[in-house]
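You will see chain A twice below: alongside chain B first, and alongside chain C after that.
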Partner chain A sequence: MKITKIILSFVSALAILLSSSVTSFAKVVGDKIILGSAISLTGKYSSNGVHTQNGYNMAVDRINSMGGVKVGGKTYKFEIIYYDDESNPKRAAQLAERLISQDGVQFMLGPYSSGLTKAIAPVTEKYGVPMVEANGASRSLFTKGYKYLFAVLAPANLYLDVAIRTAVELNGGKGVRIAQAFEQDAFSQDVRLGILDAAKETGSEIIIDDKLPKELNDMAATLVKVKQMKPDVLVVSGHTKGALTAIRQIAEMKVDVPMLAMTHCDAAKLSKQHGKNSQYALCASQWHKTLTYKDDFFKDGMTYAADFTNEFGYDPPYQAAESSAALLVFKDAFERANSFDQKKVRDALAATNMQTFYGNIKFAPGGQNVDKPMVLFQVMCDGAGKCENKVVAPLKWASAELIHPVPKWSER
Partner chain B sequence: MDFMVFQYPMISVQACLDGILLGILFALIAYGMALQWGVMNIINIAQGDLVILGGYIAYFMYLYGIHPAWGVIVAPIIMYFVGVGLYKLVINKVVDRDLFISILATFGISILFMQLMNFAFGADVVLANSGYGTTFLFDSAVVLPNSKIFSAFISILFAICLVIYMKKSKLGRAIRATAQNARAAKILGVDTEKVYAATFGINAALCGVAGALISITFTIHPYMGLPYTIRSFMIVIVAGLGNLPGVALSGMGLGVFEEFADYILGTEFRIGAVFLLLVLILVYRRFKLSRKREYLK
Partner chain C sequence: MNKNLILYAAILFFGITAPFIFPAFKVQLSILCILIVLALTWNIQGGEMGYNTFGNILFYGLGMYLCASVQVGMFFPLAEWTESGGEKTFVHTPAQFFQGMAVGLVVAAVIPTIVAGLIGYAILGLRGHYFAICTLGLGVAAGEISGGIEIIGAGQGFTTPPFPDVGGLESRGEFFYFLSFGVLVLTFIAVRAIYSTRFKLILNAIRDNEDKAEAMGIQTMKYKIIGWMISAFFCGLAGGIMGGLVGYIDSTDVAFDGREMGVFMVLMAILGGKGTLWGPVIGATVFHIFKEGFWTFFLGWQYVALGVLIVVIVIYFPEGIMGWLREKFPERFGETIDEKDRKAQVELK
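Presenting the complex of A and B:
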């Protein structure tokens, strides 16, 4: 009895194995290039996951309607298979396996966030599947020697580098005193490492270096120290929570600091929802619609923003823009490789050197985009209390002049 | 280690005041937990999630142009019914069972609530702006946001009302009787089922108030509930059940402890320090109990 059971289960396991290997077939079907992506449609990254998906979809529609991808004299159209990774790295890795080994996907688009990209990258690497990702900026993604990973965005350690350099410049080239508070996650800690590097190079001194636990929504203690020590720059990075907590408590505790630099202001909707409290905050951004980069598909940032708003009903955050850019990169690489061979496409990706509405794209050997600087915008409000983000650095792209030092609360 | 907090006396004052105001808010959540723990012998892991849900009620009022301070009145009313509903659906099935079963059941509720809130309200961190100003003390050396003072004041107000209600009203007396001896109360004609439902409802309502205050003072997010559960659990363990002054005191103590841990050990150890304190207290209590047992021998 027992033996029959064992044999039976063995046979059924074999059957399952066979059937799954039969279903995996190459995913360039007819005139379609099928890309796969695990993306956070539910769970804690769902808002940004949706921005990413909207960005991908918009680019797919645009490229398909403007003639598609030409490979070997034939025209192909993009199609994407999405799976919801529930904002869970383990699930994301499973889904990547499934996309590749069951659905037969040969080319991948990245998920949202550094953490999930880290979970997926070993899988795509193992199968030699080229992945263009647009939302994983953590430095550690680019130091592992991955050959099939390409990121259209600038790495996390460069996010606030510009802010420190600008502060030093405004200080007559002398080092500044920096206070910093970073959440304890991969991304924010990478931003922190970038600041440490910048401080070392410019001879700046770090006088407060706080790490915020993930569960903490109170940074009063850090701000009291800032009040006492009076640094020249305060740097905060901790996703939306860090940005919101900082803005609320700085305004409530009337903390005066000549420069406040942050990440995730866009995602936290600072200028729209928290108006005057967020005035003068400097924010790191991968992209801003007023930048003057151009391409044939979306024309420029302003046109992209208008089209995106038309289709989805809200202003595109940079997460959407960079996701759209990922598809432009894929199209370009397919056409240059003139083949669907994964190795050839990979080599074509590595040789990418192009301009998109989102910025210039050129990959370093590690896979990160080295040709697109971060921009800094500052929240600026008019007399009526309407606030807007204006690009202030680097100077080449600036649409407004940086206000520095930030006026004291008592004078506002 | 950083002893800046002792070098500048005004920072110590600031830390103490911040801690006390924060602690009063913790104490309100802990009081709800102590109440239903004492009456129903249930440790509610979903306490923090009820708090966050209350916060979302205030946030949505703010979103629709109503001042979020009104959330302090609306949130407890809605949350009372949420609490009663929760009792009727789940809690009444675990109320006489082992403590472990109730922990498992409320842990499940906690996960469910997190996911439902995430689904319904989205994954963004949000806050409700009260527009309250700032109070400066000691020549501006100490700064207190008025929203914190408002939170502490409202918490004290609700605690006082609740104490009076428990002492004077018929239901309050029934709740206290059930807490002392559920069987005896039942024999004497107290409808314990109703008392349990009301107790859980009151607990949820207190969480609602606290949540509304947290959305005014700090930020809220669907997954931010657990630290509030842990803190209230700890306060209750230190203070004991049915001891309101004890809850208030240990709440404030915890608040001050957190602030000082933040300054001395660094912000990264703030939540960790709370957990460490919890372990120390549990060990100490066990030690004390074992000594008591020795006397009895």
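Presenting the complex of A and C:
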């Protein structure tokens, strides 16, 4: 058969193509420390992926312009190789493999979301590549015994724990009736587990427990139930889309609930997008610009927020702040290890104990940050309809008092 | 025949040496093997039988979950493994890992085959667009259902057992590469064998005119179901391997990934030329190389580039690469052209 020849030449062409594309970078080239990261630039996490990338880039520029990283008496600069993981765990795992085995990256920054971090962690672990991640909060990441995974953020089950406890406190210590709806993904399901724990401890009752699909655009069915059952607290978590959908439909359907607790309000720019409709929503946050933490690079939260807005044109959500903090952690660890040996850097990371503008950072043996509590803010609007996020809990940083219960729609 | 043997020997040689020639590309090469398996099996329905299915992703995802569940469940309580708040860490010994994988792959192949038989019995009576849409629903439904089953991790996802500490760093990549390459060889041999029998002619008869085929006394339903079961067998195997390779199973993004894998398998077969033996192989290879290239050079725009590629294919190569080659070089496909007759026709016009 003549077709044989065609296929033979095709196979050899393929071989030539593949072999010519093998390029390998070392992790440290000249005066550059090359970090790798798979980020969601497209797909359902793309907006948070971009926040993460902006956070990384801002910290890289800042550290490089303020003297870089000093290791062994020489000054190095950070550089990051990015790939787009399309918000897909399968893709993320492949890209981690590619960054490490093809691009020769020896230090990684995390992706956005728990699911993607879960997909990447086994790969970095296998190669012994230290990864500092800022956006994977699922508790199950920290119970697998990973040695090379370090998260600068508090685990997901703590996100809305404070909200439930506050509601119980305001109810005179008696349990409350909770309605909850969570997206079917690793992060939101972990937030749910946290609520279940809190409910158990406070003697609260869960009266609605719904699962929402990914690519969340509609949760009317849950809200109809909420209208009927009149719970004390409504908890919703589903990344940026979840927050936007919840506020849009709660306002449309005029659902009255004394407390509405959510995640991802600032990433969704809720107060800007929905204005007064988002008023009184309680949001769990890893960070808020008014917190009083300090460091040498970004000074404090307010300065960071101003610089960030200057550069990217919008207020930094906590996803950006924690991503910037990841670079500060890496810099600190490199300098303390005074080496690029992966094991030494890993040990230095494990011994991290520092303060950044984003909060204190100290890792538990599982890799999660145990030195930084979550904060809760509430969307508050003035008469002119200008809305702002104000911290209401914990009391140490509160800049406003919690408004509870939320006024009924008919009275607004 | 001799030349064929040389070709197969060359490909086999390339396949076996590839992970050593391109050590950094082992994962991509393994995925390429899986993609070819999916395209080859899709071609049985879409190409030879004329039934455009989007449902093969169901068997792929099923195989993935089954293989991982068996691998874990044989040695540890599955529910505790997938429970996210669990503080326990289970570790497979090398023997447990490989035994689990072996049994898991058998289950991952057999159960989807049975499922294909049952579902096929129910829905293969549908024809044309109705069948396509029905199968599209199957994949979506499976994704949503599996996302609600706690024991396989539900929305949390399922972390498959990590590769045990045997051999060097390279051993995991090599293991999965040779496993997927083995399945590819198996699939190719099976498909080639099927295509050389009367079975293929029956499938073609169904594609060309099902009613006529029935009128000729062919029990079309039986052959349609058997064809689908064959596809399911290999799709399940491919899924099982892919689960281990990725290391993390998510219901809609990794397992029942109809939006990507489900569409890719159709695309690859059409790109290469459906209804041919080599078309899906070439289509999958070209597709994979382009895709990886786009991901590197058009960061953030890779799907736009891929979209342009698809448009170009549809406009310029509607019959796929094999179809185009066949038109350009018919003599290489063993077709002879009667020059006299051709000229006569040209002059007539």
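By our rule, the second predicted complex is superposed on the first by the 384 of 412 C-alpha atoms of A that agree within 3 Å, B and C clash if a C-alpha of one lies under 4 Å from a C-alpha of the other, contacts with A are read in each partner's own complex, and residues count from 1 in each chain.
What we mean here is this: a contact is a pair of C-beta atoms (placed from the backbone, for glycine too) under 8 Å apart; a residue touches a chain by one contact, two chains touch by 3 or more.
A quick note: this is a predicted structure, and the numbers were derived from the prediction, not measured.
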First, second, both or neither for A:Leu216, with chain B first and chain C second: first
Touched partner set for A:Lys227, first chain B, second chain C, both or neither: first
Which of chain B and chain C A:Asn338 touches, first, second, both or neither: neither
First (chain B), second (chain C), both or neither touched by A:Thr42: both
Chain B versus chain C as contact partner of A:Ala181, first or second or both or neither: first
More chain A residues in contact [chain B versus chain C]: C
Partner chain in contact with A:Lys254 - chain B first, chain C second, else both or neither: first
Chain B versus chain C as contact partner of A:Lys241, first or second or both or neither: first
First (chain B), second (chain C), both or neither touched by A:His274: first
Partner chain(s) touched by A:Thr143 [first = chain B, second = chain C, both, neither]: second
Set of chain A residues, in rising order, touched by both chain B and chain C: 42, 87, 184, 211, 213
Contacting residues of chain B [partner chain A, same complex]: 4, 8, 11, 14-15, 18, 22, 118-119, 122-127, 129, 134, 143, 145-147, 214, 218-224, 226-227, 259, 262-263, 266-268, 270-272
Chain B-touching residues of chain A, taken from the complex the two chains share: 42-47, 87, 181, 184, 210-213, 215-222, 224-225, 227-228, 239-241, 244-245, 248-249, 252-254, 267-268, 274, 277
Complex contact set, residues of chain C against chain A: 3-4, 6-7, 10-11, 14, 21-28, 31, 84-89, 144, 147-148, 154-157, 159, 162-163, 169, 172-173, 242, 246-248, 250-254, 257, 260, 278, 282, 285, 289, 295-296, 299-300, 302-303, 325, 329, 331-334
Touching residues (chain side chain A, partner chain C) in the complex: 1-8, 10-11, 14-15, 17-19, 22, 24, 41-42, 82-84, 87-90, 93-94, 97-98, 101-102, 115, 118-119, 122-123, 125-127, 138-140, 143-145, 157, 182-186, 188-190, 193, 211, 213-214
